[in-house]
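Following are the structures in question.
One chain, chain A, links the two complexes that follow: it is found with chain B in the first and with chain C in the second.
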Partner chain A sequence: MRRRLQTGVGAGLGIGLAALAGALFAVAFWTDRPVHANAGDAVDYASPLEVQLSPDGARLYVLCQQSEEVRVLDAASYAVIRNIAVGRVPRGFSFSPDGARLFVTNSWDDTLSVIDTSTLAVVATWPVGAEPSSVVEDRAGKRLFVANRISNDVAVLDAQTGVEEKRLLAGRGSSYLALSPDGSRIYATHVYPNPPRVQTDLDNRREPESEITVIDAARAVVVDRMPLHAIAGVFHLAFSADGRLGVAAEYHPKNLVPLAHLEHGGAFAYTLTLFGADVGKASVEVPLDELERYASQPFGVAIAPDKSRIYVTSGGSEIVTVIDVPRLLRFIHSHNGPFVQDLSASTNYVVARIAVGRNPRGLTLTRDGRRLFVANRMEDTISVIDTRTNRVASTITLAGPKTISSLRHGEQTFYTARYSFQGQIGCSSCHIDSTFDGITWNLEPDGFGRSTVANKMLEGVKDTEPYKWTGTNPDIPTECGPRTEKYFWRSETFDNLTLADLATYIRSLPPRPNRWRLANGEQTPAQERGQEFFTRSVDKFGKPIAESNRCSYCHSGEKGTNQKISDVGTRKPTDNTGLLKAVPLTEIALTAPYLHDGSARTLEEIWTVYNPDDKHGRTNDLTKDELNDLIEYLRAR
Partner chain B sequence: MRFSAKLPAIAGAVALLIPICGFAPDMAQSTAADIIVTAAPVYEPLAALRGQERFPKGAQLMLVHAGNAEPLVIGFAATADANVGFDGKTVLFAGKQASGDPWQIWELTLADHSLRKLIAGEGDAIRPLYLPAGRVVYARRTPQGFQLEAAGKDGLMLNAPVDAAAGSAVVPLTYMPASAIPADVLADGRILFEAGFPLGSGSIPELFLVYSDGSGVESYRCDHGSTRWGGRQLASGDVVFTHGSSLARFTSSLAHEAPIVAPRAEYAGAITETASGDWLLSARAGAGTHYSLKLWKPGAAALQTLLAESGQDLVEPVLVAPRRRPNRHPSGLHNWSYANMMALDARQSREGDLKVAPASVRLETLDAQGHTIVTGTAPVEADGSFFVKTPADKPIRFALLDEKGGVLRQEHGWFWIRRGEQRYCVGCHAGPERASENHMPAVLLRTTTPVDLSGVNVPVETQQKSPGGN
Partner chain C sequence: MKKPCMFAILLTAGMTMFGGLAFGAPPEMPRYRFENFTTANGLPDNHVYSVLVDGDRIWAGTDNGLAVYENHAWKTYTTQDGLAHRAVLTLALDKESGDVWAGTMGGLSRISSGRIDSFTQLNSGLSNDVVYGVSVEGENVWVATAAGGCRLNTRTGQWTLYNERNTPMNEIWVYGVSATPTKVYYAVWGSGVLEYDQKTGRWDKYDDPDGETEMVLFKDQGLIHEIVTSVSYVDNILWAATYFGGSRYDGRYWHNFLTKDSGLPSNFINFLKGVDGKRAWFCTDKGLAYYDGVNWAVYRPSLTDGKPEMMVRDAAGKVTPVAVTTAPAHNYVLGIDFQGSDIWVATAKGLSHGIRQKQ
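Up next, the complex of A and B:
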């Protein structure tokens, strides 16, 4: 992740570039040639993640995640009007109902930028919750709702002051919000599956469960949680203008089936959940995939103003899928579901698959529905689709470096599904936004039903080799090279140079800011107490703890791993070995479930359920409060 | 050889294709390309599936260049089955140097017309196709009919026995008591082949798929019953084939074939797509006439004759031009002498899900004399799942049994699992459109050890003969 220039310098440069762009832009409206909206080299890739048209349709706002700015273009000519610097790693934005303000969530500095759309300047920066990812304002202009990915909630703020009123529990990895057309409800989705509520022997082998959290906008309370069974990863959600049809884009993993092959949807189904009056009482899940072609990693959803079409971006497949809504509704009402197992179902409602740029994400329609703008995050372009022909009419090229660096190439490789069999999966199918997916998988080489493994966070993975839970892969190229080709892609993989670039990208992923330490970076008293338990050499009864049985022995060093293999008594009957690598503690607070097989739902269960003999560190002498202190310390790592 | 004046139409028809997601036109074919076609007095396209000769009166490859058609290879008694290399510089073909020789696989370098023999042996080797990574696939005549083999033409095959006769590493890909003939190598790396349906026992020509290590064999689609052969993949990913004597296609979105409205004619399969999207194909008016080389713009009312020769069938046209290389399949076979097979829900079937829960599954194979042998039975869980160790590289099939041992449902054909292959199926004949659901198979909650039905540890005298026979 880039480190942006100082804000003042960045803003000044942005304004200067914008002015230069205004003088230099070339328009190629309704052509097949790229439209260059750039004005010289920018300091970093733009990585456009989201696009929005201003309520009057005159301006196109592009949220550029890597250059950490909002770029404002003329919606007709695509000329650059202004580049507005915002906070770190912005992830979502939306307009106030009157269009006077644009709110931007800055996910890595936990702030909300408020932009005055008349002056195109940031007029306020408000502190919000942990990793704000999406924001909407209610119709009355009284409250802002902010989805916080790390704290798994939706914060309710005073829309004028930014003062937080309360938090509403949402799904795990709360990330995307949508306001119903009548303004009465706010719908929240989340990217990681919810933890099982009840501990059973099958906790690590159960279908993931997700939800759409429904919030009463006037009362700011949760009024419903629509269950999304077997879903892990829900992204954008959109409504038809009449409010009768809601659509959410999502991943439907097959993590309980051994990952033996990819044909017939062996790893994922990529689906939509439909709900609302047009659908009926229950929500309906429909697949986007075909028998030999997948819509890998759906993200953005838009519904045409006349409700004739649904448009869905698929970041891995690099397409926009066009769905005929009347046909879709006829299909779901005239056939008995479930539909997700039928790879031929989509022929009943998909009318086009439009190739766009690399890693398409957010999308938005003009008010007349004639043009669809698609943000191609890994290409620094906006595809402009003529919805009458379902063709890319033009491509807006955003300012940015003119060459593709190794790092960028590695990131492109990470997010594409083009290397896997029939384009079904990419690295980011399981490592959502370069993180993890919160579920466990059964990899075929380990044996059917054997050695199931929890997928882990990639951030901070540099210099924590060996890799895999068993530590059998000495480095990232080994992890991502022939093994991935043979047992994940099941198809010809990238060449060695691309593999090296991919490894460069993965090694570049830094840990995100820690939210559990005090603002000054110091530890809380509980964390300090927990650190003493972590490093202690004598238990509460005065007995020495062998060095190898101290937390700080295996979980030593900056990243909390001595990078060695040991048996801490967590082997299950279906595991091939109990010899496991000491897992790094980087971002450990975020990465439940725990242990190699994801059997511990919480950090506490590591010791209270799965450490009966103190092989995983001496912990059975600790009280619950003391374990809580230990957990607090681990969260601060 | 008479040459139609319409050949330049190929160049005229070549234009940019509209990009279709996931697939792109082969831009290298956007200029007029030479054509190689097989000319034969008699062409019996399905004869090889019966173990017979497709060209009983000989055949000769012709190179059509700048309006002239000339023999491609000099000094051979017979040549056929041209397949152009991905770089457009070489041609694989089946050839007989003397009329009494078996068909063998040769490679011609177009620049200097040098020849080298790739695959030899006592039996015929026909219909060679290039695979990625310096390999080729072809059909070799065996006592069980033609079987697919893959060989590393440059010695690049790993873990493969060496064919001493050819000096090449050879891997058998099919293991059944019936013929298989390769038709095309798909963009995803799988080999499309023709065989009789039900596989290994039937006679209705049908299209099947297998990976280039012999694993993953399955029907392309399960709407069986019509005669389908001569399949070729288009740039769009669709597979076009001869259906009876007309044309039809498989698309990615449909679980069944889609008809192609084409001019009334008898088509010889193996169409070739030009960069403009026009099709080069062989067609004839009917029995008693000969196949000539045609150009057709899909949707047009009529075929254009490109090349016709009195008394000759002109079949299997290919363009002499670079083309997109299919993906290489990275073999994930384990170093085992057996294979593992799991059914997620054996009750699921395209013929209708079983209403009665099966109690067990019976595995059958064939012995060296072709007798059906039962290697054993394994329990089927309440959710329809079972997990068994199977014989490898042999014909096998399953039957679902009730509690009394009665057959609830039985496979009609045979398939195989490669040594070291570990796969699952969604159901029994569930069809390729049926995706797996995300359920934990009950059998894996009970045990992760497959029931050994490999027959390896079962004394021959205790193996049951199947009551139903073959």
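Up next, the complex of A and C:
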């Protein structure tokens, strides 16, 4: 994210300079933490996110998200062969079945880079859907399937021309794809929970629901949706070579109990969903965690060629968990589930937890299963694990800065779980990829079901203080420091320098490109009409709208907030207060559910259901099409 | 094999072509053996508003859920599964994705491989929860509601509403919609047919030249009546159903159908579906009618004794009964769809599978 870092130059200047001064002092005492000359400088870290071996095993391809390139290494010597520049913020890549082409999804410019693996050059760049995150080609070489995170679908493209054939509805935040070993099915996961079903009550306390979307590769239609109850955040999925065992890495949030109950194991279970013939008719969810040995933020999954082991990276715990497959299968077939709340279960099948680098993500095995490569995103290294000894045999250091900027350190802090009670959670457990998680949480220790709050997007959060829905935290260091210590970590918090770096990182997060804006910067007719409603001072009956009741008063300025506290009539009996901060409108289209407690499942419901008295802006004089226009304007903010 | 002599071929062809007229037999019209489904054999409700053929699957929109028939068994989706409302009035298939769109009395539902997402006037940009018609065209889903028409772009999530404020729609009670890449037609109850040109973005309107009356001063002068219940645009031909007769429009000329001058069993037409530019099926309150461009056939239980009945009307207006042993479940017909040469028929008292018989 080169550009993101650049925007961060001035982003956290105040905090950054303070951090710099402190950090320069601290460096003498903490040699593990070298400091870059300028805290917020643009630094091209590689940030390896995914790693793959070429089909012949000769080359190691590393997808570097921050330097926006694919680095090609010799798989034996680890010598660099070529660095190939791709698009903005690449997120996923995969080979064509014959290995002749490598496809890369560029998530921030909505393109797909096609790399010729013989020349190691980008030979085509195709436009795809909104925030493409992973790609697979079918065995016939006929179609490409691309998971689009923002448009919540899987696009089907002609593999030779890149022309889009159609879109298939996937889960919300569609992100990762896997082709079954026989090539007949494509499995898609997603990182945000699916929209809740229509309900007749107003209950916003609900467990998330997710799915694994199963696509028939030949017909390019969805043929099944495997339900994942109480799961939010599903990442990579892998199959055994015989196709009898499928494994998906996922988060199982416990959002219905106060997060203050973290000491009771109350925040997340980090789990795998197992499915396939080896498992039986129904899928089975098994925990990776053990008491005081959590596997926070599982991401990548690989299965040994002989199906003896499953390997799972945990970005927050900075480990690779090694699972004995025969023992795992014996366990699930000889015990009655559910297992997810059982912190003793994993001792039956986890045989090793291998410490690797910071924020390990993608991983890949050699064809003989002897070596496992792990991309340590926040360390610019690749851990090479000897699978016979379950030890890191060597570490490949990718070219790049040798120093760690405050920004980088802040990002490392954001993604690690090392600060929380028993290492259960990190900031990124709830703010997936520095965004949000689509879940309504019960954070406060004031009773079950009281003061539930919807998690919000972090991008663009700079200069929108105060923070927290009630606006009681005056700045990011307060939000991320004492508040986090009290409600989240339940244990040691960050030292001041780390907190300053974390704040610098959070303040550096820019909004991603808004897909509802026209490329030429102009507004659609609906957006223009909507803006008139947003800024109007007179209602449709000619009556003046009090300044404080105009949309544009509370949601003023570039980010759509006047940063003031007011009561917009959304207080519920379970809330301690109705005084809430005007929420920024940044990327509002992406961040359902809405209102402080997530009770509005869609933007429409903010006004059709939860604004009966016009306290949340004068809207009840609007017709349905006028309200639609207002929403079109808001989505393009 | 010995070649048949030319005389024999010509004789056979001649008898086939002219035999009917020569011997007074009715024209050959498709015959069906109807197998009827009711609550007795798995339907969740006998009142079937709509039917949709999806390959080997049959979807039936009933008054008590959305039923799907597959592998000789019925499965029913209800509000418990996320369906917007129990009463499913209309169905459409997205042939690309395989998703089914169901218009209900309480919103619009998308059924995608078992997952149901529902859109209502409260949680989405849908103009009204009573959805009478739905049609899928590319990435757009066109909807007919009790408060105007809508278009949902499934890629952007944008809703566009069509009503009296931005179209020549006098009434906003929209009963049906037929969308194609070139034209979209809305059937408006009391406001004729609205035409949307996809290329120009312009609207046009077709009204009954006789106004809101039941008079027909000049036959084939224009749309037969303002109260339009259903439209079907196929092969550049518009078929329109009203409660006072049917119409066919080729872009230049109208041709209207009334009981007095066609084989329609009733002018009260709930629904119609064109097979192509020449042939169409009419779902009336007095039976199911098929028009092959010249002749008519009516399939129903007899209005007098309830016995299966098939009547054929030739171009000269001669009506001839055809002996049949089965008929659709009821003569109040609400919907039809095609499965190869078979038909599926939604009626007020059951769903019927018309299995085409060799003739």
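Simple rule for what comes next: the second predicted complex is superposed on the first by the 587 of 637 C-alpha atoms of A that agree within 3 Å, B and C clash if a C-alpha of one lies under 4 Å from a C-alpha of the other, contacts with A are read in each partner's own complex, and residues count from 1 in each chain.
Definition applied: a residue touches a chain if its C-beta (ideal position, glycine included) is under 8 Å from a C-beta of that chain, and two chains touch if they have at least 3 such contacts.
Note that the structure is predicted; figures quoted are calculated from it, not measured.
When both complexes are superposed on chain A, chain B and chain C fit side by side without a clash. In the superposition on chain A, contact is made by A:Glu290 with chain B only, not with chain C. When the shared chain is aligned, no partner comes close enough to touch A:Thr125: not chain B, not chain C.
In the superposition on chain A, contact is made by A:Thr602 with chain C only, not with chain B.
Of the two partner chains, chain B is the only one touched by A:Thr493; chain C is not.
Contact with neither chain B nor chain C is seen for A:Asn473 once the two complexes are overlaid on the shared chain.
Contacts of A:Pro253 after superposition on the shared chain: chain B is touched, whereas chain C is not. Once the two complexes are laid over each other on the shared chain, residue contacts for A:Ser556 go to neither chain B nor chain C. In the superposed model, A:Val221 lies in contact with chain C only, and not with chain B. Nearest C-alpha atoms belonging to chain B and chain C sit 20 Å apart in the superposition, given in whole angstrom.
Across the interface of their complex, chain A is touched by residues 19-22, 132, 188-189, 216, 218, 237, 252-255, 327-332, 334, 340, 342, 344, 387, 422-424, 426, 432-441, 444-445, 447-448, 450 of chain B. The part of chain A that touches chain C in the complex is made up of residues 129, 151, 153, 165-169, 194-195, 197-198, 211, 213-214, 221-225, 515-516, 526, 589, 601-602, 604-605, 608-609, 623-625, 627-628, 631-632, 635. Chain C makes touch with chain A in their complex at residues 79, 81-82, 84, 96-99, 107, 110, 112-118, 120-125, 127-128, 139, 147, 154-161, 163, 165-166. Contact residues of chain A toward chain B in the complex are 202, 205-207, 230, 252-258, 260-261, 263-266, 269, 287, 289-293, 317-319, 340-344, 346-347, 350, 353-355, 421-423, 444-445, 447-450, 482, 485-487, 489-493, 574.
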